[in-house]
Amino acid sequence: MIQPFTPEPIRFVAEDGTPVQPLPERYTPEVLRDLHRLMLQAREFDRKLITLLRQGRTTFYAQSSGMEATQVGLARSIRVGHDWVWPYYRDHTLGLAMGVPMAELISQCLGTNSDSCRGRQMPHHFAAQRQNFVSISSSIASQVPPAAGNAMAQKYLGVDEITVCTFGDGATSEGDWHAGMNMAGAAQAPALFVCENNQWAISTSIREQTASETIHIKAKAYGMPGYYVDGNDIIAVMEVCGYAAEQVRSGHGPALVECLTYRVGSHSNADADAEKHYRTREEVDAWLARDPITRLENLLAHLGHPVTAEDRAAMIAQTHREVDEQVLAAEATGQPDWRIMFEDVYADLPDHLRQQEAFLRAEQTGGRA
Amino acid sequence: MTATQTRPEAAPMTTGRTINLIQAVTEAIAEEMERDQRVVLFGEDVGARGGVFMATAGLQERFGKNRVFDTPLSEASIVGAAVGMAVRGLRPIAEIQFADYMGPGFDQIISQAAKIRYRSGGQFTAPMVIRTPSGGGVKGGHHHSQSPESYYTHTPGLKVVMPSTPYDAKGLLKAALRGEDPVIYFEPKRLYRAAKGEVPDHDYVVKLGEAAIRREGSDLSLIGYGGVMPDLEKAAGALAAEGVSVEVIDLRSLVPWDRDRVLTSVQKTGRAVLVSEAPRISNFMGEVAYVIQEQAFDYLTAPVGQVAGFDTPYPYVQDKVYLPGANRIVAACVQALNY
Amino acid sequence: MIQPFTPEPIRFVAEDGTPVQPLPERYTPEVLRDLHRLMLQAREFDRKLITLLRQGRTTFYAQSSGMEATQVGLARSIRVGHDWVWPYYRDHTLGLAMGVPMAELISQCLGTNSDSCRGRQMPHHFAAQRQNFVSISSSIASQVPPAAGNAMAQKYLGVDEITVCTFGDGATSEGDWHAGMNMAGAAQAPALFVCENNQWAISTSIREQTASETIHIKAKAYGMPGYYVDGNDIIAVMEVCGYAAEQVRSGHGPALVECLTYRVGSHSNADADAEKHYRTREEVDAWLARDPITRLENLLAHLGHPVTAEDRAAMIAQTHREVDEQVLAAEATGQPDWRIMFEDVYADLPDHLRQQEAFLRAEQTGGRA
Amino acid sequence: MTATQTRPEAAPMTTGRTINLIQAVTEAIAEEMERDQRVVLFGEDVGARGGVFMATAGLQERFGKNRVFDTPLSEASIVGAAVGMAVRGLRPIAEIQFADYMGPGFDQIISQAAKIRYRSGGQFTAPMVIRTPSGGGVKGGHHHSQSPESYYTHTPGLKVVMPSTPYDAKGLLKAALRGEDPVIYFEPKRLYRAAKGEVPDHDYVVKLGEAAIRREGSDLSLIGYGGVMPDLEKAAGALAAEGVSVEVIDLRSLVPWDRDRVLTSVQKTGRAVLVSEAPRISNFMGEVAYVIQEQAFDYLTAPVGQVAGFDTPYPYVQDKVYLPGANRIVAACVQALNY
C-alpha cells in the first residue's frame, strides 16, 4: 500500500542510482532497458524536432526533456486502448510510450495529409483514436472537466476502464481545473489526475503560482487521495501511478498524483531566448544534474546491467533514423488544401458552409472575377 | 417548393394532445431516455427538485439517479462533463439553470464542445445538448433575463436552436439528441406555460435548419424566434385588421438557419422586419439582415428593419419596457410599409 | 490564539446556552443584548419581507433565517466603512448588522426611486457605498476574484483595510471561487473569506456538492489557514472571524472561515413548495431546535440577564413598525421610469445609446407613428 | 464637418518618431504608469519575461514588482482582480496572453466588469483595461488566431477598441486608461512589428468612438479595423491603379463606433464593403451593415458587401487562406462596383 499526502516525494531510486527501498520484482533488467530505450527515444525526438523547427519545417514545439520519467512511467500505468487519456500539449512522450506511432506525432507536427487531425491544430496538439488518446486543446486545464465526464460515463456504462488526465502545475490555477476535480470527486468517478509539476508555467514559478505548499495537497479539497512522487524516478512514478490507477479502477474514486520534475529546456520555441530573464542557469544546471535518464542508467549500472556507450549511440541513431524517415514520409503526403477547412466543423455540411466552400473553391481555382 | 409544403404544422395529427412548452421539453427528454440508454440528464437541481422550472420533474424517479442527477454548482463542470461523456459514447443533456449562467461554462463550450470534432479530424466528437431557459419578461433582472444566443451563433461548431411552440420544442429537442453535433437549445422561459399547442402522439422530429411560416402574407416578412413570437403574431393580427398582409416566420433554428425560406419570403414581400430581444450590436439578426440585403437587394422596397433589445444590461423594473412588444413591432412594420 | 483546521467546529456556547469555554470579557450583557436585538430584527425582517412578497409588492426574497449568528457575528468583525465587503445575495442580515439603513435594503427590494441601485437588479442584490458593501451579482462566486483584487489594491495602497468576501457552500464548486482564492493566496492579499455553509445549495446537499469532508479544509489548496466554526454560536463566530480578521489585517495573508449553519427556510420564494422534494421535515426540525437566537437567549438567561417575553415582543413590534414605515416611504417615491435604463451603462452616454434613448422617449411619450 | 477635419494623423507632429505597434503599446503603458500611480499591470508572464510578445518588456524593472507582476494561470482571477482593484480605486491593466484565452474569464467580464456600474446605480465602477493580442496570420491554429471581439461588442457595459497603427495604439490605450469604463483593448498581433508609423513626442489621446479615414475616395467605402487594415489599403491601392477611387475607413473603436463618419462616407460613395476576420454569423460588421442599409438605403447602389472569416474554427495549415487578403477584398469591391 502506498501512502497519500507524504511530506516528501515518494522515491525508489536515489540520484546516484542506488535503490532507497527494495525494487518490486517486476523491474527486470529487460523491463528497465525497455523503459530506458523509451526515455532516450523521447529525448532524441525532442532534439530532432527542435532541429526541424529551426529549419522552418514546423512552427511550434514544446519539449518534454527532463520529464521523461514522469511521462513514460505514467504510460506504463495505462491499459492502452482500454483506458482513456485526456492529455495536455506537453505529452508527446506519454503518447510515444503509449504506442502512438511516431508517424502520427510527426504528421501532426507538420500538418501534412498524413495527419489524422488534418492539419487543423497547431503542432503538438495530438489526438490518437486507437489509443483513446483524446484530442488536446491549447486552452489550459480545459481537459479536466471533460476527463471527469469521461470517467462518469465509464462508471455509468459499468466498464472497468479508467480515465487518465494530465496537466502542468500552472494548470492547477485555472477555474476549470477545480471544477473538473470537484466534479470527479463528487461523482466518485474513476479518474486518475496526474500533475506534471515541472515547477514553471512559462516564466511563472510554482511559488508565484499558488501559496499551497504542494500540488498534491489540493486533493484534500476534493476528498481524494493526493500522492506525491519524485517525477524523475521512473520506478517511483510507475509504482505510485500504478497503485493509484488500481485504486481508481477498483472503485475507490478518483485520485491525484503530483510528479515533481523539471522542464530543463525552454517552454516552447517561442520562449527559447527568454529563459534567462526568469530563471538562473544554476537552477537549470542543478536539475540537469538530476536527469531522469541518467538516474535510470545509474540504476542499471548498479544492478550490473550498464548501458554501454555503443548501446546508447545505437539507440540514438535508431531514433534519428526513424524520425528522418517519418518526416520524409509525412512531407511526401503533402499539405491538405483549402477543402479541409469546411469538413468536420459539423457532422454534416450546413448550407452556409456549403456556400462558403463554393466561394472559396471559386477563388482558389481561379473561377472568380 | 413553396413555403407551406414543408410546414410542420401541416403534418397530420390525428391523435394530437394540447400541452405547453415545458411539458413538451419534459416529454421529449423522457421519450428519448426511453428509446436510448445513452441519454443521461444532469445539472443543478434537476433531480429530486425537478429543475427550478420543473422541466425535469419526475424524471429522476422514473429513470433513476444514475441517469438523472444533480451536479455540483459549476457550469464549467456541467458542460465539460457532458463533453467527456459524449466523447466516451453517451448522449448527455446538460441543463444550465439559466442561460445567464452559461458564462462560467463558456470556455468549455467554445474550446471543447465546439471544436473537438474539427481539431481531431473527426476522431473524437461531442454529440450533446445544452438546455437552458433564456430570455426576459419574468422580472428577473439581468441575471435571469438575458438572451445570450448570439454569442453561440458566432461560435463555429455549435448548432443553436430556440423553439417557440410545444410542437417545435419537442421535435427540435429530439432532433438535437439524435444528431451528431453539440446543440445549444434555448428555452424561452416566459413561454414555458404561456405557449400551448398540439403535439402528435407519434414520434416525430423537427429538423434543424428549417424555419416555419406561422402566417402567410404578401406585404411584409416579419421574422423572429423564441420568446418574441407571440408578439409577432399579435402584431401581424393587428396589421391584418388594417388590411396589411404580414408573413410571419419563426426561424426556430439559428445555426443553421433557413436562408432559403427567408429569402423566398422577402423576395415576395419586398420588406422585412426582424425581431429579437438580445442587445442590438452584433446580434444574430444582424446576419439575417445582412443576407437579406445582400441576396434580395433588388426586391427590397424599404430597408430591413429591426426590433431588438437595447444595448444596455437587462433592467429589473423596466422588464417589460426593455422587451420588444407587439406595439413596437407594429411601429417598425408601419415604418417599413411607409418607407 | 485560535487554531485553524480543527476537526470539529469551534464553539463557545452549547445549545442550551452554557459556555463550553470561558467567554472573553468583552461580551458584557449590553453587548449580548445588542447582538440579540440585531438577530431578532433580522429574523423579523425576513418575516415581514415574505409577507410583502405574498402581497406581490416584491418579486424575490432569499431569507437568512437560521443564519443570523453567522451574519451578525461576521458584521462585528468588520470595521464598517473602512474595510471592504464583497457579499452574496443572502447577506441582508450582514448588511443590516453593518448599519446599512433598512430604508436602503427595502428600497432595493422594491425597486423604487429611493433605491440607490436605481431599480436595475432583482430584489436582494444590494449595494451600499457608504459601508463599502459592494454591489452583489447573482452569478454565484463571481465576487471572489474581485474580492481578491480589492484586497490586492489595499495591499498596494498600503492601507490597513481588509476585504471580506462571503459565499455559500454551493459557491465553492465554481471555478471562479478557486481562481479568486488562489489569487488571494498567491498575492498574500488581506482578504477574509467566509463560507456561510448552510448545507444546501437550493436542492443540492453539501454531500453532493463536494467529496471533501468540510469546506474549511479547502484552504489547504491555497496555503491559507482554514477555520471551522459553529455558525449558530454568535460568540464563536465573533471570536473566530475577529481573530482571523486581525491576522489578515496584520499581514499574515488571507484566511478562510467556514461557518457551519443551516438554512431553515426555503431557498427563495421560487423554492417555497419544492423543499419537501429534497429534504426531510425531520432534518429541518432538528436544525430549528438549534436556533441561534434561542441559543443566545439561553446564554443570556444563563448569565442572569434573560430576555423577557415583553422585551421580545417590543423588539419585534419595533422591527415591524420600522419595516412598515420604510416600505411606505419607499413606495411613496414611486418607480423609476424608462430613463434609468440608459444611465450608468457607461460613464458617458455614447451615441448609440442616445439614439436608443430618443427612440424610447418617443415611444413612451406617445411621440411615435 | 468633413471627415478629414478631425483626422488624427493631421495633427502636427513636429517631433514625431517612427515606432511599431508593440512599441506604441509599451510606451503608452509606461507613460500612463509614470503619470498615474494608480495604474498597475499584471497577467501571465508580463513581469520578468516581458510578456510572450515582449509588449511589457522592461516595465517590471522600471516600475517594480508591486506595479508590474505575474499572476497565477487563471484568466478569471486576472479579470476579476482587475475589477476588484478598479472598484477600490486603482486603474488596472490586465493582460490576457491571447484573446483566445479570454474564455475562462468570460463571466468575470460580462457579469462583473460590464455590469457593476449599472447594477449599483453608479455606486461602484470598474474603470480598467483588458489588453489582449488577437487575430490570425501567425500560424497559431485556433487557439492563437481567433478574433473574439464580437462577443464583447454584444455585451453592453463594455467598450471595445482595436487599433491598427502605432499612433492609434498609443492614443487609444491612453484614452482607455483615462476613461471611467471597462475597455477591451484588442491588439492585432500580426501587426505588432509589421505596423510602423509616427507618433508625436508629446502626450496625446485618440478618443474612443472616432473612426479614421485612411484614404479618401468617392466610388466605394471600404471599412475595417485591426489586423485587416493593411490589406484594405493594399486593395484600395490596387483599385486606384484601375481608376477606382476607394475611401478607406479604419473604425478603430467598435463600441462605441463612428456611425456618423461611416454614414457620411457611404452617402457619398453609394457602396460599402466591410472587412473583418471574425467568423461571419453574428459578427460586429453585421451591425455596421445593418445600420448602413437602414440609414443610407436610398444612397446605396449595391448591397453592402462583407469579407469576413469563414464560419469554421480557425485552421492551422490554411492560416493565410482563412484570412481576408487584399485579393479577396478587391474581388468584393469589384462585385459591388459591378452590381
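Here the chain labels run A, B, C and D in written order, and each chain numbers its own residues starting at 1.
Just so it is clear, contacts are C-beta pairs under 8 Å (C-beta built on N, C-alpha and C of every residue); 3 or more make two chains touch, one makes a residue touch a chain.
Bear in mind the structure is a predicted one, so any value in this text is a computation, not a measurement.
Undergrad: Check B-C against C-D and say which one is joined by more contacting C-beta pairs.
TA: Answer to which pair has more contacts is C-D.
Undergrad: Among the chains here, which has the CA centroid at the largest distance from subunit D's centroid?
TA: C
Undergrad: Taking the mean of the CA coordinates per chain, how far is subunit A from subunit D in Å?
TA: Distance between chain centres: 36 Å.
Undergrad: Indicate the whole-number Å distance between the mean C-alpha point of subunit A and the mean C-alpha point of subunit B.
TA: 40
Undergrad: Would you give the residues of subunit A that are in contact with at least 2 other chains, written as numbers and ranges?
TA: 120-121, 125, 137, 139, 173-176, 179, 182-183, 186, 208-210, 345, 352, in rising order.
Undergrad: What positions in subunit B touch 2 or more of the other chains?
TA: 71-72, 74, 76-77, 103-104, 107, 111, 115, 118-119, 142-143, 156-157, 255, 280-281, 310-313, in rising order.
Undergrad: Of all residues in subunit D, which touch subunit B in the complex?
TA: Residues in contact with subunit B: 103-104, 106-107, 110-111, 114-115, 118-119, 142-143, 150-151, 153-157, 255, 278-287, 289-290, 293-295, 297, 300, 302-306, 310-313, 339.
Undergrad: Would you tell me which residues of subunit A are touching subunit B in their complex?
TA: So the residues of subunit A touching subunit B come out as 84, 86, 115-118, 120-121, 125, 127-129, 134-135, 137, 139, 142-154, 156-157, 163, 175-176, 179-180, 182-183, 186-187, 343-348, 350-352.
Undergrad: Provide the residue numbers of subunit A that touch subunit D in the complex, in ascending order.
TA: The touching residues are 59-60, 111, 119-123, 125, 137-141, 170-171, 173-176, 201-204, 208-210, 270-271, 274, 277-278, 335-336, 338, 340-342, 345, 352-353, 356, 360, 363-364, 368-369.
Undergrad: Give the list of subunit B residues in touch with subunit C in this complex.
TA: Interface residues on subunit B, with respect to subunit C: 44-45, 47-50, 52, 70-77, 100-101, 103-104, 139-144, 280-281, 310-313, 315-318, 321-322, 327-328, 331, 334-335, 338.
Undergrad: In the complex, go through subunit A and note every residue touching subunit C.
TA: 173-179, 182-183, 185-186, 188, 208-213, 217-218, 220-224, 253
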